[in-house]
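Two complexes are shown next, each including subunit A; its partner changes from subunit B in the first to subunit C in the second.
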Partner chain A sequence: MPEPVIAVDHLSRSFGDKQALSDVSLAVTPGCVFGLVGENGAGKSTLIKHLLGLWRPQTGTVRLFGLDPVADPVAVLGRIGYLSEEPDLPGWMQVWELLRYTQAFYPKWDTTYAERLREQFGLDPNARIKTLSKGQRARLGLIAAEAHRPELLILDEPSSGLDPIVRRDILEAIIRTVTDQGRTVIFSSHLLDEVERVSDHLAMLHRGALRFCAPLDDIKARHRRIVLHFERPQQDPPNVSGAIRVAGTGREWTVICDAGKIHPAAMARHLGAAVVDDTTASLDEIFVAHASN
Partner chain B sequence: MTLRLNPASGTPLYVQLVERLKHSIATGAIKAGEQLPSVRKMAEDLLINPNTVIRAYRDLEGEGIVELRHGSGVFVQQSVEARADVMRKAEPIMRSALDRLESLDLTEDDVRRLMENELALRRDAQRRKRRA
Partner chain C sequence: MTSPTAALLWQIWRQHRETVAAVILLTAAGRVVDVLETSGREAGAPADSSPLTVLLAMLAFLLLLGVFNYTESSGDRGLGSFPRRLFTLPVTSLRLVTVPVLAGIASIELLYLLWLDPLSRDGSLSPPFVAVLLAAMVVFYLCILWSLERAGSLRLVMFGVIAVALFVVGMLPTLAPTPPPRLRSEAVLGGLVAGLAVAAFLLSWRHIARVRDGDDRSAFRVQPLLAWIAEATAGSRRAFATPAAAQFWFEWRSSGMVLPALVGLQLLIVVMPVSWMVRHDAGQTFIILLAALAAPIVLAVPVGIAFAKPTFWSEDLAVPAFVAVRPLSSADIVAVKVTVAALSTLLAWLILLVFVTVWLSSWGNLDSLSRLAVALWAFHQHSTAAVYGIAALVALAGMFLTWRCHVSRLWSGLLGMRLMLVGSIVSIVTVVIAGLVFEIQQLPGWLVADPARYAPLSWIAGVAVIAKYWLAAYAWRGMPPRYLRAYLLMWLAGTASFLALGLVVWGMLRIYLPLDADRLRSVVILLALLAVPLARVGLAPSSLTWNRHRS
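And then the complex of A and B:
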């Protein structure tokens, strides 16, 4: 098993009263697309900031390429490309200036690649960044993150509020990265459709804790959506032990559960209901189910 | 190739891709001996993880529909009959049958059940004929 690109071990951090991260452990293998989902405030950005060495762990360890990003920022950051929602680019700089400025930090910067992307994205080299649209700024941020072909691309909700064409550019960059000699991507997103398309591995944070962390295929195989029909309308949600979420009204109730833990027919018999539907839960349903707990 | 894959449907993405490619090959849209797009190109065009494409290609290889030639790419087997003409004739027949059933207000499940029932009856009839 190759050494993980990212190894987070029992990471915890609180800010005053708020427990932002609670005993989070995960490992990202080289060459994979690692998706990170969770509600706003679940801890995704906080986790990413720890990866970048911006926060020191209160408990636990964070290692990138086997190095501590807090102790060894230059060594780690030189091998990373980072893009966040609303990239913080100096408004007064022109596009070409920003690229030239960024290039200085990365010995592996590929000017031909950067130029090809700039042209493909239709960015006027002389335009001042403050005159660029949100989507154009995201594209520029993407070039800055990508042009040195980093071993690890870290994207923190890069697609938020962007039109489908820019989102497509970002997804393409993600795919290009992993097909390119097994470079690695970790990206956090609200857009489950995109996460589902490109992720190999998926982790969900909820209130600072890891709800699940597994290959995407396993997560989808594990979660089932079972619809129950009761003869008599139920006032309260039926008590299904081991269910992740039970929702509905009256006669029809939907159970999202771990496929290994619940036997639909037995459960239905026990409750005096009939199984009307038994399918794989969509990622959306899985997410909502875990987030509601 | 304009293939639209739906990650949210119950069917895994790689299965959807396998089905679409099989259909394209069966109708002759992709010809026998033709090269399929590289894993990378396919993944970038469809905006899906390259492992999904690899899995689909391996599945097709397992079924003898394509050949993975190391260093060259993925090719549709020469031996695959492009039953294009037959498929092209069959499509409108299927379409008009479904239109007529739809006008009877049948659901998709009803139609599927009807079809499977009919196919099962035919299978039984053939088996009886062979034994006779």
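And then the complex of A and C:
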């Protein structure tokens, strides 16, 4: 088994009384697109800041390429491309200046590739960054993060608040990155359809704790959506042990559950209901079920 | 609330009522102190107000300016900008601008009225002239805050320059000859300042009206000018040779030109006109020369505070992710900052020395300077080289002192702790005010008056030197040797220049001092060893690392 690009082991972090990360452990293997989902404040950005070495672990360890990003930032950061939701690019710089500045830090910077992307994105090289729209800034940030062909591309909610065309550009960048052999992407997003499109592994954080971390296909196969029909309207949600979420009103109730833990027919018999639908849960339903549980 | 004006005034009061209460308390305390001191004074004693009274007055006026800091912060800019939310009110821009300006003027005049007796006791300036200067100061203050919002905290430095200029204008009528010529009379100068204040008010009004209409450009159009200069000096588009070169370019473009620009501004708007006005007075020319030479050092203090932060133009003390994720070590980043400070200092002094050369060779009155040069020449066995050597040493020591003020707070600023930064600013302001109020210039006289005062001073300086070198050894232990070697060379050059200048000045002063004062020579040497920061610069990378990888 190849050495993981990212190895997080029992990482915890609190800010005052708030537990931002609670005993998080995960490993990301080379060549995968690792989706990171969770509601606002779940700890996604905090985890990413630990990966970049911007936060020092309170407990636990973080290793990238087998190195500690806090103890050896130069060796780690040189192999990473990073794009955040609000890339804090200096507004006074011109587009060509930013690319020239960024290039200096990465020996593998591909000038031709950067120039091709700039032209493709329609960015004027002489435009000042402060005059660019949010979408244009995101594209520029993407070029700066990607043009040195990093071994690990970290995207922290890069498509938040952007129009579909910019989102498409970002997704294409992710696909380009994974087609280069051995390169890895960490992609944090609220937009589950995007995550579903490009990710092959998925982790969900909820209130700082890791709810699941597995290949996307496994996660989808494991979660079932069962619709139960009762003879009489139910005032309270039926008590389904092992369910992640039970929602509905009256006679119709929907159960999101782990397929390995519940047998639908036996459950329905036990509750005095009939199974009217039993399908694979969508990622959206899985997310909502875990987030509201 | 019956009118928009009343509502706007109420908002100022509501927002700053604690500060207003502090101004009232300080004023009441100051007046009580003044009355007690005046009643206890012997007949025939000097009529000046006590240092404590003056200190309380200064604090009251400073706090009042804080009340009329009519801006709101939008997050990363601490001083903020004109409150944009007011633009939605059904009120004209003229009224939005006029209400705080007039309220500020009325308040400062009222405060001056309350302090009139202690502050005008020496009778050197007429109260109406001072009242005009104070009103103009409020207008210039608000004009700078509103019109130059992109300058961030540097607006306070700009206001400081304007305040110094107003202070100098206030002093002009008191200079010889008495009565002053018409050009330097209170009426003419008061009219001139009032005219400028009206122009500043109109400029502020126009700027706010434009911002309200969606045109957010600065009224002074400083940014396009700076951008044009940057474009003109941008150089080639070739790739940087090293990451450090790229980081140097980034730091220089962010903040490198600030000190040279401020020094140039100070020379242009204060030193040049004043030096022209006193061109016939050798004594005043000499004093203006000393003030001009001190300007880079004084200006480097506030610039150094801003420069010590991770981002010069932002109030946010965290290292921005844009910089933090660069594969560059904290030692590399600090080395770049130290180099930028050195280049900035060199440029500022180059501007100063060129100006001084042009001034002294054109309209400067050299009589006092010549007398000093002749005295030095005679003292050093008729050696012209010695005179030029001392002049070069003064410039060199001035440069190192400027650079020292520029970099000495890196260790606390890069740490990212607001308490440290605020503490640093408060300590400087306290020292300056205390120095002004308690007349620091009397300290040397007080020291040599009693030989018993020498010994503790030597001990304190000795302990400080030992502490400095011990801390330096600790701070530099993990630094790359190339930085240690380069910085040691810089430190040696700086310390050698201070040491040489200190010993030369000591040699000349020695003949005027009592025999016991010989022991002070060791204090001069110890102070020279303390002048150039060593431990503090060594600690800066650790501070940055701590801030960059937060716990």
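Please note the rule applied: the second predicted complex is superposed on the first by the 293 of 293 C-alpha atoms of A that agree within 3 Å, B and C clash if a C-alpha of one lies under 4 Å from a C-alpha of the other, contacts with A are read in each partner's own complex, and residues count from 1 in each chain.
Convention: a residue touches a chain if its C-beta (ideal position, glycine included) is under 8 Å from a C-beta of that chain, and two chains touch if they have at least 3 such contacts.
Computed from a prediction, not measured in an experiment: that's the story for all the values here.
Peer 1: What does the overlay on subunit A give for subunit B and subunit C, a clash or a fit?
Peer 2: Verdict on subunit A: subunit B and subunit C fit.
Peer 1: Check whether subunit B or subunit C contacts more residues of subunit A in the superposed model.
Peer 2: Touching more residues of subunit A than the other partner does is C.
Peer 1: Of the two partner chains, subunit B (first) and subunit C (second), which one does A:Asp110 touch, if any: first, second, both, or neither?
Peer 2: A:Asp110 contacts neither subunit B nor subunit C.
Peer 1: Check the residue A:Val70 against both partner chains and state whether it touches subunit B (first), subunit C (second), both, or neither.
Peer 2: Touch partner of A:Val70: subunit C, not subunit B.
Peer 1: Pick one for A:Thr179: touches subunit B only (first), subunit C only (second), both, or neither.
Peer 2: After superposing on A, A:Thr179 lies in contact with subunit B but is clear of subunit C.
Peer 1: So, A:Asp278: does it touch subunit B (first), subunit C (second), both, or neither?
Peer 2: neither
Peer 1: Per the contact definition in the header, classify A:Val198: touching subunit B only (first), subunit C only (second), both, or neither.
Peer 2: first
Peer 1: If you stack the two complexes on chain A, which partner ends up touching A:Ile80: first (subunit B), second (subunit C), both, or neither?
Peer 2: second
Peer 1: Looking at A:Leu171, would you say it contacts subunit B, subunit C, both, or neither? Reply first, second, both or neither.
Peer 2: A:Leu171: touches subunit B, not subunit C.
Peer 1: When the two complexes are placed on top of each other via chain A, what is the minimal CA separation of subunit B and subunit C in Å?
Peer 2: The answer is 28 Å, the least C-alpha separation in the overlay.
Peer 1: So in the complex, which bits of subunit C are touching subunit A?
Peer 2: The touching residues are 227, 234, 237, 239-243, 245-247, 249-250, 253-254, 320-322, 324-329, 548-551.
Peer 1: So in the complex, which bits of subunit A are touching subunit B?
Peer 2: Those in contact with subunit B are residues 33, 168, 171-172, 175-176, 178-179, 193-194, 196-200, 217, 220, 279-280, 282-284.
Peer 1: Note which residues of subunit A are touching subunit C in the complex, please.
Peer 2: Residues in contact with subunit C: 52-56, 58, 70, 73-78, 80, 82, 84, 87-90, 92-93, 96-97, 100-101, 103-106, 111, 128.
Peer 1: For the complex, give me every residue of subunit B touching subunit A.
Peer 2: Of all residues in subunit B, those touching subunit A are 5, 7-8, 10, 12-13, 39-40, 43-44, 47-51.
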